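First comes the structure, then the notes that go with it.
Per-chain residue numbering starts at 1, and chain names A, B, C, D, E, F, G and H are given in the order in which the chains are listed.
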Amino acid sequence: MTLSIYLSGEIHTDWRDQIIAGAKGLNVTFTAPVTDHAASDDCGVAILGEEPDKFWHDRKGAMVNAIRTRKGIEEADVVVVRFGDKYKQWNAAFDAGYASALGKSLIILQPPEHDHALKEVNAAALAMARTPEQVVQILRYVQDGTLPA
Amino acid sequence: MTLSIYLSGEIHTDWRDQIIAGAKGLNVTFTAPVTDHAASDDCGVAILGEEPDKFWHDRKGAMVNAIRTRKGIEEADVVVVRFGDKYKQWNAAFDAGYASALGKSLIILQPPEHDHALKEVNAAALAMARTPEQVVQILRYVQDGTLPA
Amino acid sequence: MTLSIYLSGEIHTDWRDQIIAGAKGLNVTFTAPVTDHAASDDCGVAILGEEPDKFWHDRKGAMVNAIRTRKGIEEADVVVVRFGDKYKQWNAAFDAGYASALGKSLIILQPPEHDHALKEVNAAALAMARTPEQVVQILRYVQDGTLPA
Amino acid sequence: MTLSIYLSGEIHTDWRDQIIAGAKGLNVTFTAPVTDHAASDDCGVAILGEEPDKFWHDRKGAMVNAIRTRKGIEEADVVVVRFGDKYKQWNAAFDAGYASALGKSLIILQPPEHDHALKEVNAAALAMARTPEQVVQILRYVQDGTLPA
Amino acid sequence: MTLSIYLSGEIHTDWRDQIIAGAKGLNVTFTAPVTDHAASDDCGVAILGEEPDKFWHDRKGAMVNAIRTRKGIEEADVVVVRFGDKYKQWNAAFDAGYASALGKSLIILQPPEHDHALKEVNAAALAMARTPEQVVQILRYVQDGTLPA
Amino acid sequence: MTLSIYLSGEIHTDWRDQIIAGAKGLNVTFTAPVTDHAASDDCGVAILGEEPDKFWHDRKGAMVNAIRTRKGIEEADVVVVRFGDKYKQWNAAFDAGYASALGKSLIILQPPEHDHALKEVNAAALAMARTPEQVVQILRYVQDGTLPA
Amino acid sequence: MTLSIYLSGEIHTDWRDQIIAGAKGLNVTFTAPVTDHAASDDCGVAILGEEPDKFWHDRKGAMVNAIRTRKGIEEADVVVVRFGDKYKQWNAAFDAGYASALGKSLIILQPPEHDHALKEVNAAALAMARTPEQVVQILRYVQDGTLPA
Amino acid sequence: MTLSIYLSGEIHTDWRDQIIAGAKGLNVTFTAPVTDHAASDDCGVAILGEEPDKFWHDRKGAMVNAIRTRKGIEEADVVVVRFGDKYKQWNAAFDAGYASALGKSLIILQPPEHDHALKEVNAAALAMARTPEQVVQILRYVQDGTLPA
């Protein structure tokens, strides 16, 4: 059983690297959005031409990024959505809703202080984890039935 | 052409009432989540029994509310999602993602200060409005082709 | 918001009547399998001709009943599945799985002694209720936001 | 023609091993739930933290197991569901209903004493087998047209 | 429970009239192809212009008839397909396959001499009836649980 | 059998009026895009605010119009697409492709000089008509089996 | 572009071999039903046990064969359905209808004397061929754009 | 992340070659319609026999080409549709609509003079590019996050 995992959400800590490193040896593949913040913000205008209005600047970038995001979510078996402690992170919640409507298995990775604000998101998920290591343990168990010692 | 509209998001101002009042005379129907904040938070335990752990208290409520939310979104032609100036509002963004994956026509209603944070959400929408009156004008135009004078 | 409810499962107590009576005044419609046990078992051969082998006798009946069951589940917004204290009730669990794969909102109605055996079924549901009255309270809340006093 | 088979249901006898051994040489792949009973029951709390209430203990585990179960069923061409002579086995019937709604080819493997109780489940299946060897013979015939001598 | 029934197949006997008459009083609606043989054959060229080649004459008619046939089958809960004792009737079998792939409840109405030739078609159906009266009895039972006296 | 018809394409002649008038007495309903050219072009900025760049001016309008267009096509049984003798009419061909992918019954209404350029579009349609009256005749035949005298 | 082809219908001539041989060198894969007539008729009882009633004998076989048929059709890009000059061949027409509802590209292979009887089936197809060589030429053209010399 | 790209539209310049050459080194695969104009126009009659009427000549060819076109679009992650400065190009707009209804990521490649005529098509796309090089830059960014220097 090969698992395809999409890692959505917060891009300012190394949680993706921790999961990918922890999953070494498992038969899993990972995809994710472009996590270079500046590139992600500017990709639309950098390729398709400047926009004087920031609103359309943002729109062009968000649409180009959507090509990657949709592909990643639609081909994933499991979508992990990480909520950090900064920013609005509405794109993370949007991805969670999008994945949920497609019937993907959702894992939410978030700190306790967000429990109440994320209750609808968590209720659509199959697991709520606190640490990247727990996500790895879920992937390992799902793949080969092994629990942490 | 009858339009069915789901009004998602912020529950602390009277934006839903403004839209419903403004749309009087149009052939539209509206649905929405339960907007009584306390009832919405406590519906799970009030009906199905207390939970000592706030996490499961929230989970039971969120799942009961999901019966209504899913029905409303799945039967809607247009989903309007309102982002206000307080709270995390991740359930609003989740609804937007869910509606988007189902191919619903999305209208985002939000103040300018959220433009950048909502760029991915806006990019999935067919309109970004600033006021409830603009939403009403869209509904009127979509239904009978009339533009504001 | 009109809700269509399918009442699946146990046919030896009056739980369906209790829910229907309790929901009087709500804008809900109910469907259910044929609950006359003898008619349900024999409908295939009574209409389409006797079978000497009990296996095909059962098959003919189950297929005729499936016309009604599928229609009921596929058109339902909410599928309530009741597990009683007798019999194997595999058709109830089958209906729950069928409804879950179609994305229906599931409510499981069951006594505490089945909690462990039903854990996978409950995990696919949006509510686990103990009494028909709780099911009615959920329907009322979902429809008009009213909680029990 | 490669066939992907999901082996659902009873986990206390070696029927899966018999099918896998018998199918040696065929171009088939097998998936199954985690069949270590203790690990399956406890995976949720072992990874994601203890729950004082057995109901939520079970819920956490059932949700983690669902990641594997859904993936297995959704990618299968054929879902074999085995009913044994002990326990409620509602998860097996749930899997059968889930697979049926997705249009999977179902094979039910069950002893004669369950014929009547499984009549709705059998009526949704393309074969009802009594032995693992019969399941293997079906897979061999489906793949290369060879019948047992 | 309102049932929508599509009556496909043989157009040379009054079996449709018998079913419709027999179902008087039930909450069912019926649709069917155009059963005027000459109109059905010539509708394409009669409306859209003559074709010197019989092949395209037939094609134009078959495509116009498909507008009605598809609508009827796609909106039906139950598709009854009647095989008579004359002609190739490949359109009837085509309708059965089309309905089956859409997950419709199929009832096949056919004389015993076709049993072997229709075995694949029957295997996709929920009932195989010999007489229009049996079809009526199925519809009555499915709707209100009443079996023939 | 009620038929829902979407009338897409050319907006400079009265072909829609001719079809609607001709279909008087049939059990059909019609929807269409907003056919006021100026309103259709400017609806986005008239409601949601001016854009200095014509490209985004057009985009805002096209997105608002899409709310109506998608709703009309998705709820239609039959989509009629009219190609006239002026303009690029790419939105008409886009609607035809969109309707085709959704499995709608397509009727193309076009003059002979476009036959070759529309060959792919016609090949996805169930009828190619030259006059609005032919479209009416198709609708009448599909609904009640009557051919023109 | 790899093409997957399902070869449905008549099993008494070597048309499948001709197509497979002719397609040597193309990047195509072929699947087909079991074409050993006796095995196909008896597979159900040979594996799952005798039936005294020929009707259920046939049913058991048809259901086992359906595992292969459905898999073949559902994974095909192109479904070729061959109608010969003998037998009822309703399973061929059923496969054509099934494939059509799934949106598969259909090629019908048939002699001129069946043109009228197959008009509805042909109207759902993208090509009507007279010879296996024509089918090969279509596959070659679709794959690499080469027309016969 | 492997990307599958379908290159639709204009066949008279070397834009496809430019994109394919520019994408060398990326993990992308390309499909496209047959771009030999004469072969594309005549494939139907060349394989399946002459037609005296140009309309059916065109129809036969368009249907054979549709086998390739549908396969290409349905398996694509990204559909690029190029509009040139000649011809009606309705098949390009049709492909765009078809791809849009299937939820594909659309990129429109077109010169500024078509901006207004393509506004509905652009509004369904995630990017509007002016040059093949921009398309390549989008594919590179989507795949590995690299922006042009």
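Criterion: a contact is a pair of C-beta atoms (placed from the backbone, for glycine too) under 8 Å apart; a residue touches a chain by one contact, two chains touch by 3 or more.
This is a predicted model, so every value here is computed, not measured.
J.: So which of D-G, B-F or A-B is the twin of C-D, meaning more than half of its contact pairs are the same residue numbers?
T.: A-B
J.: On Cα atoms, by how many degrees is chain B rotated relative to chain F, nearest 5?
T.: 90
J.: Please compute the C-alpha centroid of chain A, do the same for chain F, then give the distance between them in whole Å.
T.: 40
J.: Averaging over Cα atoms per chain, report the distance between chain C and chain E in Å.
T.: Using C-alpha averages as centres, the distance is 31 Å.
J.: Quick check: what residues of chain H touch more than one other chain, meaning two or more?
T.: Residues 63, 66, 103 of chain H touch two or more partner chains.
J.: Any idea which chain F residues touch chain H in the complex?
T.: 54-55, 58-59, 61-63, 65-66, 69, 83, 87-102, 114-124
J.: Spell out the part of chain G that touches chain H in their complex, as residue ranges.
T.: Interface residues on the chain G side: 1, 3, 77-78, 103, 105, 126-130, 134, 137-138, 141-143, 145, 147-148.
J.: Given the complex with chain G, which residues does chain H contribute to the contact?
T.: The touching residues are 31, 34-36, 39, 42-44, 46-49, 60, 63-64, 66-68, 70-72.
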